[in-house]
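In the part that follows, the structures are each spelled out as structure tokens.
Two complexes follow with subunit A in common, the first pairing it with subunit B and the second with subunit C.
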Partner chain A sequence: MSTEGDLLHTVTADTISDGRRRLGKVMVWSSALLVAVLAFWQMAFETGRVGSGFDTWRPVLYAYVLWAFALCAAQVIVNGEKGKRTLFVLPAALFVISLVVFPLLFALYISFTDWNLASPAGPQPNGWDNMREMWKDGFYWNALKNMVYYVLAVSAEYVIAFGLALLLNAQIRARKFFRVVFLLPLMLSPVAVSWMIGKSMLEVRFGPISRVIRELGGEPSFFGSPEIARFMIMAMDAWTFIPFMMIMLLAGLQALPKEVLEASKVDGASGWQSFKEVIFPLMLPVSVTAIVIRVIFKLKLADIIINVTSGGPGGATDSVTSFIFREYRDRSNVGYGTLLAMVYLVLIIIFVTLLLKLVSRWMERPA
Partner chain B sequence: MSQAIFKDRPTDTKVKAKWWASRVAIYSALIIWSVVCLFPIFWTITTSFKMAPDVMKGNLIPWWDFTPRWKGWESIGISPRLIGEVSTVRDEFLKRFWNSAIISISSSMVAVILGSLAAYGLSRFNYRFGFMRNSDISFFFLSQMILPPVVLALPFLVLYKSLALLDSRIGLILLYTLMVLPIVIWIMRDQFQGIPVELEEAALVDGLGIWGAFMQIVLPIALPGMVAAFILSLVLCWNEYFFAALLTATNATTLPVMVASQTGSQGINWWSMAALSSAAILPLIIVAIFLEKYIIKGMAAGAVK
Partner chain C sequence: MKVELYNYIRAAQKMNRRQVLKGSAALGAAAMMPKTSLADGHGNIRAEILKIPGVGAGSPTDSDWQKVGEMCLGATKENVSEGEFAGVELTFMGLNNQNLHNFLFRGFLKPWEAYTGAKINWIDLAQADYNARLQQSIATGTVDFDIIEMGAPFEGDVLGKGLASEMPDWVKEQIDMDDYVDYLKAPVGTWDGKTYRVSIDGDCHTFAYRKDYFGADGIGGAEVPTTWQEINQVSKDLVGKEDPLTGLPAHGYLDPLKGWGGFGFYFLENRASAYAKHPNSPAWLFEPETMKPMVNNPAWVQAIQDVMDLIEAGAYPTDQINADPGTTAFQQFLAGTGSMLMWWGDVGSSARTSDTSVVGDVVGFGVNPASDRVYNAQSGAWEDTRNEAPNMAYIGWGVYVMATVEGDEKKKKAAWSAAAHLGGKDLSLWASAYPSGFQPYRNSHFQFEEWEEAGYDRAYVEDYLGSNADSYNHPNAAIEPRIPGIFQYYSVAEDELAKGYAGQYGSAQETADAIAAAWEKITDQIGRDNQITVYKASLGL
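Our next item is the complex of A and B:
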């Protein structure tokens, strides 16, 4: 985020007539007016003040899209060359803002209502009631605690991924074959994985893993006790995402300066020594990037849990996302669920910001 | 090797033994992890050809332990016997498959187009939108990555309901584009920063505009990176479950939702579930095998600065 690349400097002398400038402004403001008029009309129709209107809010959406296009076009019409430069970033920015910022504001409103989809009254603001309910809700705190465990599991994934990356970086034959094979789990959808592994291979009666355990004299039970169930979820998630970290670390290993490694060999460092003293410190920046991104993905963990255990036994495997998913789908308790989601978002932002701060401070210190 | 001129001293043979030991250790580790990666896939694909007794007896190897049957695939209407006939289950399956394909391909495409433009702009020009400068804008885009899907789920449910976009492909395409856009921008920014700016300067001198230079000079060079970003987004969109489960009901349901909806009902119907899972994962396995280079390129971008 700090590197800026080398910039392209252009000097352009534009002569833009007043008429052109006016045209651009008229385009933007008239389409904005259209959006506003349509939105007010539709709102009046839905509250019953106007007799006729549209069935849905679709026309407002079309007007909004028209406004967005007008805004982009007006950049070029009004600003000339400078506008053409703005046009690179503006579409993406408009897209993200309209799809994130407005829904987030709406979510903020919903999270302070008692809205239940089953109740006919619709959303009624209820102040801090949801917050108080959350405070007493043991299952939510339990889910947050589970998230801590899940995030901590990233460290084990990191160790395995680093090991695999070192293996792939060693002098081996059929490197491409192994690379493709190791990459495959990442391609599989978590839902398919939860059936393939969670529901069939770990099936207690006929699953191959249960069979092996029975051969060894154990009694297979994978989702009975909280600890083992949580471990199984972690293992399945790790199975799909280890390739992700592995590839990033492998790329880092291959970009290491060869001279330094050779120098350490010449100086007589053993394999372990050169790993500890040379490779690992040089790999720190890549490792940190890989871990941070993996943690961010881990915070969204839900699909496998929803499909394999639905949070059980007794909420032991619940992640925040899967808990809110059930709150929405089984209880239709959307006001409360949204508050939980918003609180989670705030916690995530705080956590990730602290993590990044910590990382950048730690990286600045000479290793 | 016929005539040893130099005799191996004991220390040399020790080195050789150590070398062999490390070979054995490396290859056995590689093979063990390959088994870990491949066995679930092998298990799923073979199970789709098994009958109930084969599953219960735990037979593993086709043609040796058990004779492969098309029973699993018949349950989704794909087998040599049923291929010519009209089959409602197959139509159902193909509809889901088609939905998944359209949604993931178009959202990846939109994301790559929007994302590449934004990434190019951010890596080449100085912007100032209010208080936001280049690095702030980049951070704004990338920070979308930490936004958990749950936060957006309900507002979108309500929004789509009032826009009549619920259970429609367009709705999911918009959301998935939003979901993968930060990743695309991250990859593409790295790509564009690697392209020397002199190329565009030369193009500008030769009379191209900035958009002309971008389209004719920069895009062809950045194409491999764009393919990498596209494939990575494709994988993420194809596998997405959470939004699809909440925002679709009948028309726009994607494959993961179909797979998930089968697991709950009527116990476990092993062979049909295995066939369905295999069909859901096969396209991406093929993508992985043939386009592995691009996937790795995409993920490696940004890791190494």
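Our next item is the complex of A and C:
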């Protein structure tokens, strides 16, 4: 038995022969080679470079599964007891790679093809054509512009959510009741919200809100002009998700150290001073988390738009996701739709990374 | 028959107890007869099946569907011997809308399965999932069904790619295809001269109007408008007047100005067909030799301009820019807003049965309005002749057998026998008279005396179904092209129209040019040469 190395986590230290090590490596590399050969062969067959091949890619998948098994088994064969520890994580890691990395690579490939489901030719690589198409696509840029408005609306949502959180944190009557009531919108599906509010309450002729406006002598119109339609979409989305920010902020408020608040009171701080100088700065980390998560939710905004306005009038309420939905579902334009989604993904990653970077720099600043 | 239509007829015709008892007594007498006597006369079967379960006796159930299926097996028995398909398994893909479609097919085919020995497995799809499922099956080469219930607009995607099995001659005889209304005859259901479709439904848009707007004291004028020019004028003249029923502002024709997943484009087509569908050519959306869009020719531009003029004149209800066809039909017209509309059969049938409808007593029907002039795309000039071209929007459902059965004669015959059973002449009469999701589509369905004998109100049947029959058999019916990706063209057109109606393009011509440019892109993406071939085949050229 070896007396060196990691003794704490090792039940037994195996003596592993060179032959056994070689066997493990051969298993991994030969199965990997099999995957590579089958994949290249099938690709050559699909592109017409070789005459024979499989009907589907399934044999390549089977070879991949075989390689995955070989890789797991080789851990034990090559490393003995230490390899068994790796086995706790490796299958899960391979599973994630299979379900995330492969589809992502496939999507990347699809996004550089002209794949339209109605096309008899199937997916054909078309280089940067989709990218050029996107560059000229007024609908996509219009949707991106709308996303800027939608994301900016998060700041107003934050203010309202903070206000509500402060109210619910205060010693008010029926506090628990209000906490539940304020959470209700979050429990509703945005699809239900779009039907209940967008298509029923705001219905121009029968909707109760329309009736009230008419009774007051006005002429209701909620989706007739671009600005009002966009505002109504923002309002419905805000109504659904403000409770989410509110509950996060409320949790933050309740976790604030009581001593600091009491100290500020003892020092004679007014309510506003106490909020400005103590509560708000202490709540910054929670606020940033709530805002970032809300922004990520907002970037996926689609369901309300699809149900209520279909992006109209004239694209004024279109979001990137609702536009991609039309491009993909109504027009079966898989290649271009996927490219738009991939570009949007990259934009989101850049945006969120920059946002976090800026926020962390700002928060590290001495008070 | 659409469910709403059935309910409407029942509500409209004041069925009394005696009539119900008469139907029940006849059914009881028929049940006591020996089986052979049921089948001894063709006319008898038609009369007998119409009594199952009997008009006014509630909605039919699975046992009724099975009874009808059993009684209509005669035609199958002439071509198939008992137990001939033992061991054959078929997969049927269809819809489950409103618990109809596949649910009925199951009942109809149960006696067929018992007689032939074949077994059917079912794939039920919601309407919204249908297109995606079908397109993915085609695109990924995973057609896992032998028989499919499919709308004619998808024929380009399926028949154009050689994925279906050609109809054998014995099936044509069994289902009596000569009985189809004119527009469902070739080229619909055919591809390159070969027949593929067993029709089980018919579709068209018909004109619905408010009778109380028109007449001697009507605010809309003495006569009901019959041309788009008149409709536009009436719509403008109604601005500022009061609706006689609701007391709210009066409105004329209701155009949906918002998209509806591609289906909204049918409603611009309603206007455009009268201008653009010249009797000298079946083509009115694309030029057959080049697939060059015709959507930006003067006829289509006129249709778009009409809508823009009405927007400008303030002739539409508030927020019309956010009204899709569902809104114009169910939240506006049926609820008393607006006086004229084009739609499928649902509007006529919901007029009295829907709780939210207030127009049941004042609604009338007609065919798609005409135009005072028509654009001749071949000469490139307007002609001052009246032109009528009813829009056969969606063309209706059919049953198709897939090419997966080729190479196995027994399986192929079994699949076609099942399809022929569902599209049988007698069985289809029952389906058109009771809730099934399907409308009448054979000339024999319009023998109103059969409906009358079965207990229906003659006046209603003649008024409402008559407008359908007139549209179906119209010599200049506008049939949509059955080319791959047709709904892609419609969908992108909706996006461009939305921009045009919102004033983001300078003119109707600019809007139409944007649609044409988008259509050219789709054609190039799907493959122009193939689209030209398929388009010409779909037009029967």
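Everything that follows uses one rule, which is that the second predicted complex is superposed on the first by the 271 of 367 C-alpha atoms of A that agree within 3 Å, B and C clash if a C-alpha of one lies under 4 Å from a C-alpha of the other, contacts with A are read in each partner's own complex, and residues count from 1 in each chain.
Definition applied: contacts are C-beta pairs under 8 Å (C-beta built on N, C-alpha and C of every residue); 3 or more make two chains touch, one makes a residue touch a chain.
If you're wondering where the values come from, they're calculated on a predicted model, not measured in any experiment.
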item	value
Which superposed partner A:Glu203 touches (first subunit B, second subunit C, both, neither)	both
First, second, both or neither for A:Arg329, with subunit B first and subunit C second	both
Touch count on subunit A, higher of subunit B and subunit C	B
Which superposed partner A:Val352 touches (first subunit B, second subunit C, both, neither)	first
First (subunit B), second (subunit C), both or neither touched by A:Phe222	second
First (subunit B), second (subunit C), both or neither touched by A:Asp137	neither
Subunit C-contacting residues of subunit A that also contact subunit B	203, 205-206, 329, 334
Subunit B to subunit A touching residues, read off their complex	26-27, 29-30, 33-34, 36-41, 43-44, 47, 55-56, 58, 60, 114-115, 117-118, 120-127, 129, 134-135, 137-142, 144-159, 162-164, 174-175, 177-178, 181, 185, 189, 192-193, 196-197, 200-201, 204, 209-211, 214, 235, 238-239, 241-242, 245-246, 255-257, 259-260, 263, 268, 270, 273-274, 277, 280-281, 284-285, 287-289, 292, 295-296, 299-300, 302-305
Residues of subunit A defined as touching subunit C within the complex	114-122, 139, 203-206, 219-224, 226, 229, 308-316, 326, 329-334
Contacting residues of subunit A [partner subunit B, same complex]	1-8, 10, 55-58, 61, 81, 84-89, 91-93, 95-96, 99-100, 102-104, 106-107, 110, 163-164, 167, 170, 172, 176, 178-197, 199-201, 203, 205-206, 208, 211, 239, 244, 247-252, 255, 285-286, 289-290, 293, 296, 299-300, 302-303, 306-307, 320-321, 324-325, 328-329, 334, 337-338, 341-342, 344-345, 348-349, 352
Touching residues (chain side subunit C, partner subunit A) in the complex	131-132, 135-136, 138-139, 156-157, 160-161, 248, 258-262, 317-319, 321-322, 324, 331-332, 335, 337, 484-485, 487-488, 491-492, 494-495, 498-499, 501-504, 522, 525-527, 530
